[in-house]
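Presented sequentially are two complexes of subunit A, the first with subunit B as partner and the second with subunit C.
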Partner chain A sequence: MTEKMKRKRTAERKTAAAGRICRRAIWICLKAIQIFFAVFMVSPLFFLVTGSIMGEAELSEYLSPVFTGQEGYACWRLIPLYPTLKNVVEVLFDSPEFFHMFWNTMKLTAGIILGQTFLAVPAAWGLARYSFFGKKAIYQMYLLLMMMPFQVMMLSEYLVLEGMGLNNTLWAVILPGVFSTFSVFLMYRFFLEVPEEILEAARVDGAGEMRMFLLVGLPLGRTGIVSALLLQFLECFSMIEQPIAFLKDKTLYPLSLYLPEIAMGQTGFAFCASLIALLPPLFLFLAGSDNLARGIAAGAVKL
Partner chain B sequence: MNKFWAKAFVILLAVMLFFTVVSRAADSFLVAQVSVEPFTAKKIEHIVSAVASAEKGLEFPVMTEAGLLVRTVYVQEGEFVEAGTVLAEVDPEQLAETERDLRDEIRALQLQNEAAEQNQAAAREEKEKQKKRTQEDYERAQKKQEEALRRGEEELQQAEDAIDSFSAGGAEGMTQEEAETKKAELWQAYFEKKQALEDTEETMEEAVTAAARALEDASETGTADNSAEINALSIAQKEESLKAYEKLEEEGGKIMAETAGTVTGVLVQTGQKTTDTAAFTMTSTEGGARLSAEISKEDARYVEVGDAVTVEKSGTKYEDFSVTGIKQTEGGAAELTITSEEHAESFPMGESAEITVTKQSEVYNTAVPLAAVHTEQNSTYVYVAEQKSTVLGKQYFTRKVEVKILEKNSSYAALEDGVLNSENLIVTDSDTYLQAGDRVRLRQQ
Partner chain C sequence: MKKKYTGYLFVLPHFSGVCLFLLLPFLDVVRRAFVRTAGGFCGFENFKLVLTNEAFRLAAGNTVKFTLVCLPLLLLLSLLLAVLVYSTGKAAGILKNCYLVPMAVPAACVALLWKLLFDSHGLVNGVAASLGGTPVDWMNTGSAFGVLVGSYLWKNTGYVMVLWIAALDGIPQTVYEAAEIDGAGRAAAFFYITLPCIRPAAFTIAVFSFLNSFKVFREAYLVAGNYPQESIYLLQHVFNNWFLSLSVDKMVAGAVLLALVAGAAVWALQRTLERQ
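Entry: the complex of A and B
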């Protein structure tokens, strides 16, 4: 090996090493940025947890620039100086209105999810697996309606519900939710994935359309159904505009409207109530996170 | 689906259900329960109540004779006695002895009087006799004076006649010198007679004067002696006492109340002798009942002389009492005097009773129970329960309403009109301390 070649190899090794170091540095930087954003994203949850066990005096001290308009910035402690379970006790034992609204939310959400189970799933199956006149137009209309924000539909929905005498009842929120287009769209995408050969084989075996839907469609589209209903649950659990628009009676208010009811000086209580309100969707999210990821991916990729 | 988190979700729902029940239960336990009522038009009735005690009425003494040994005292101070009640009893032997002594004294005085009367009669007889003698002496002196004067005047007249007859011619036959001598002798005799007459007059005058003085002295009544009369008075008094002793003895030595009343003073003691002052003092039932009670300065504003008073004692009500006097005491309170012309026997001295004076104001349109009115520093307010829509449905919350009290009694307060309206539910009672804005639960009426 000549000297020239040796120098060349040495230079190549140095270049390769420098490249590795550079890539490593970039990787570390990216990880740092990732961690930073991850911490940033998780910080509200951290505030919720620490704020829930923080005393009112301590909260007032840290958040006084926010609430009183004083100069300076709000500050926070990683661990409360004087931890207390007073807020937890107050929410759990002395706030019947919190639980009342929680069950209102559960009624609304359960009603919508059940309704979608019985209506949106067959609708998505029909759109995905059958050819009929106007199918494309209907699909486009679904897409159009899905794109429209609630504010656009609010007045017409209100008038219809008023005409039906359903305003200021839970049905005023449940019925429009039952006919949400997003779930149909999401499940439609999953039902399209079902191979036509399997359906043909079922037909050959003498299965009827309903039997095919129940025994073939539903199992194969389970991921889509679950993810659609899960996403719908998360949306229903936190919806604000519909209850405000259609519910006048405070006894029908869902939990999403509870925070405005909390008076000033109850910051710790508000943190704790929010933390508890977070638990149901969090648990469901964790329970169906796999399906949800696939559902969201399907919706995003195949749109 | 992750089964663990699915189960966790189900458990969470169960936990939420549990705390729903618990928080409801805690809420119903902690929320103040209040009584409410709207205001009413009402007269404010001032009921002034106090405990009164009966005072003593017209007091009089129960007398007995002095010097009696008290054997037993049967009554105490403050005791009500009927007429004829034995108040005390004296020793009968000592009473009898006292009577004997008294009789002896009377007898002695009587004897003294008899002796004095005899002495006085003898003195009077002697005096008359002396007077008669001096009268005779006086008359004799007068006669002697008259006789002496008559003789003196006759002798003087004879001397004067002798001078006249000598002057008329008796000197004839006599020399000038003899005549002169004779004439001088006649005149000498005349002057002697005249001097003798004058001496006689003077002497006799003195004698008559002395006799007249003696007569005058004899005519005087002499030294006054009233001892008999005095003795007679003493005897009369002692006889009166004796009668009283005899009467007491007839009654067995018992000192009795002549009328019904309350014993206000026991002035005798067992084993001691009675004095000439009262043995007992009593109040009569004839003057009616008289009570006194002390009321606060606040209550005194509502009571006037002449107000009717209801007196209650042992469950019996007496409606015919009235306020007859109000006296301010040093502490700012007032002392009421309440009287009735009757019921004296029901209210012996020291007896206590509950009195009630009731006065009514004009009709006020806004009257609320006094318990509904709160005072804090310079603020007077009531809480009004107002219904609001909440998450848990229609609920009542308190609102503070500033009011002005026009008049009040122990139960109700009359408020200024216009602040409250007829639909306001005024909180009259609460099982916990209330603040404005508190959530409350209405008690079942």
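Entry: the complex of A and C
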């Protein structure tokens, strides 16, 4: 082996090693990006948790610059100096209005979810599996209505609800929510995926149309139904515009409107109330997130 | 697909509700757009009124700007994360859930945190000051726009990432294997296989993100009320304020314009779908 070849080989080895190090560095960078974003996304939860178990005195010490406008900046501690469950107790046992509004939210949610289960699911099935006159027009209309921001329809919806005498009752929020076309759109995508052969086989075996929907459609479209209802549930817990527009009586307000009203100096209480308000959607969400992931994905991507 | 009237039975209950609670109000909006508040047909007068209205122009400009800034950022960021998560093995599930958490956080909680973080004496400025930066009055200057963009990205990146992952899932693994045999590197595989394959999904994902961009109003509203800093005064604010002041004429004409834009978006969506 000549000296030249040897040198060439070492050089090659060196570049290969450099390439490896480079790739390694890129890999680490990419991992770091992923982890950074994961922490960033979850960090608000951390704030809510630490804030909930902090005493009012400690909180006001840290946050007084925000609320009183005095010099200096707010600060925060990773772990409270004097952790306390006082806020939790106060929210859970000493604030009837919190529960009152929590139940308002639950009523709204239950109404909307039940309504969608009994009306939107069959509608999606009908649109996906049958052909009839006007189907295309209905589908187009649903799509267009889905794209409308709430504010566009607010006034006319208000007048319609007024005409029916529903304003200032929970029904004014529930009924328009039940007929949200987004859920139909999402479930429609799923029912389209059910193979026609299965339905044909069921028909040959003498199954009626209703039986087919209940025994074939529902199980096969489960992912879509669950994800549509889950999204709707999250929506219910964040409702702001509808209750403000249609409810005058503050005792009817859902939790989503209560939290912003908590006064200054009750920050710990606000944190804790926020955290508790967040728990139902979060748990349900984590329980159903696999369905949701598949659901929203299929609804969107397989158009 | 079966031709049968049973279809009507499934659809009609929901459809009649939609007619009553959505379509009827919508048609009412369209009708009102062409009449004066006091009564009587007035042609396009209301539209002229809206288009020359300063608040409407400001808000429309902001909304367009917000959409143009946010959508590309959101789509790129979530695609990056999707590709990364997709190539991650065991931890993918945990990462996905972490990214999806913001979706479950109600708007009111977000608003509370906004107040503490972005107040002029807030936590973000505190950190900036301790690092030697200059504090910014986030909510009362043009930076409010940045905060709005940030919270939109925070809320939607996970959701859109999941959509991208589904699109990536749809690409057959064999294509990549074939490319590898032909000597294509990772980058080449990404640009010549992955990107073209997920392009059809991109448009739909964009529409979904667009739909969600309307919801950012909630946080803005909860933090800054009816009249936020100029740069985050969105169309929803205008409509909301017109609703409160009962400016029916402007409100309905603006709504019809918005409906036209949305309708055009739906039409474009369908065109691309038919081409697939």
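Please note the rule applied: the second predicted complex is superposed on the first by the 282 of 303 C-alpha atoms of A that agree within 3 Å, B and C clash if a C-alpha of one lies under 4 Å from a C-alpha of the other, contacts with A are read in each partner's own complex, and residues count from 1 in each chain.
Heads up, the rule we're going with is that a contact is a pair of C-beta atoms (placed from the backbone, for glycine too) under 8 Å apart; a residue touches a chain by one contact, two chains touch by 3 or more.
Since the model is a prediction, treat every value here as computed from it, not as a measurement.
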Overlaying the two complexes on subunit A, which is it for subunit B and subunit C: clash or fit? fit
First (subunit B), second (subunit C), both or neither touched by A:Phe99: first
Computed vertex angle (subunit A) for partners subunit B and subunit C, CA, steps of 10°: 110
Once chain A of both complexes is superposed, is A:Trp171 in touch with subunit B (first), subunit C (second), both, or neither? neither
For A:Val226, using the defined touch cut-off, is the partner it touches subunit B, subunit C, both, or neither? Pick first, second, both or neither. first
Does the superposition put A:Leu286 against subunit B (first), subunit C (second), both, or neither? both
Report for A:Ala38: first if it touches subunit B alone, second if subunit C alone, otherwise both or neither. second
With both structures superposed, pick whichever of subunit B and subunit C touches the larger number of subunit A residues. C
In the superposed model, how near does subunit B get to subunit C, counting Cα atoms only, in Å? 14
Subunit A positions within both the subunit B interface and the subunit C interface are 258, 286, 289
Sort out for me which residues of subunit B touch subunit A in the complex. 1-6, 8-9, 12-13, 16, 19-20, 22-24, 26-27, 30, 389-393
Within their complex, state which residues of subunit C touch subunit A. 1-11, 13-15, 17-18, 20-26, 28-29, 32, 80-81, 84-85, 88, 94-113, 115-116, 119, 121-123, 125-126, 129-130, 135, 154, 157-159, 162-163, 165-167, 169-170, 201, 204-205, 208, 211, 214-215, 217-218, 221-222, 235-236, 239-240, 243, 248, 251-252, 255, 258-259, 262-263, 265-266, 273
The subunit A residues in contact with subunit B across the complex are 92-103, 106, 226, 249-251, 253, 258, 261, 279-280, 283-284, 286-291
Where on subunit A is subunit C touching in the complex? 30, 33-34, 37-42, 44-45, 47-48, 63, 65-66, 69-70, 72-76, 119-120, 122-123, 125-127, 129-132, 135, 138, 140-160, 175-176, 178-179, 181-182, 184, 196, 199, 203, 209, 213, 234, 237-238, 240-241, 245, 255-260, 270-271, 274-275, 277-278, 281-282, 285-286, 289, 292-294, 296-298, 300-301, 303
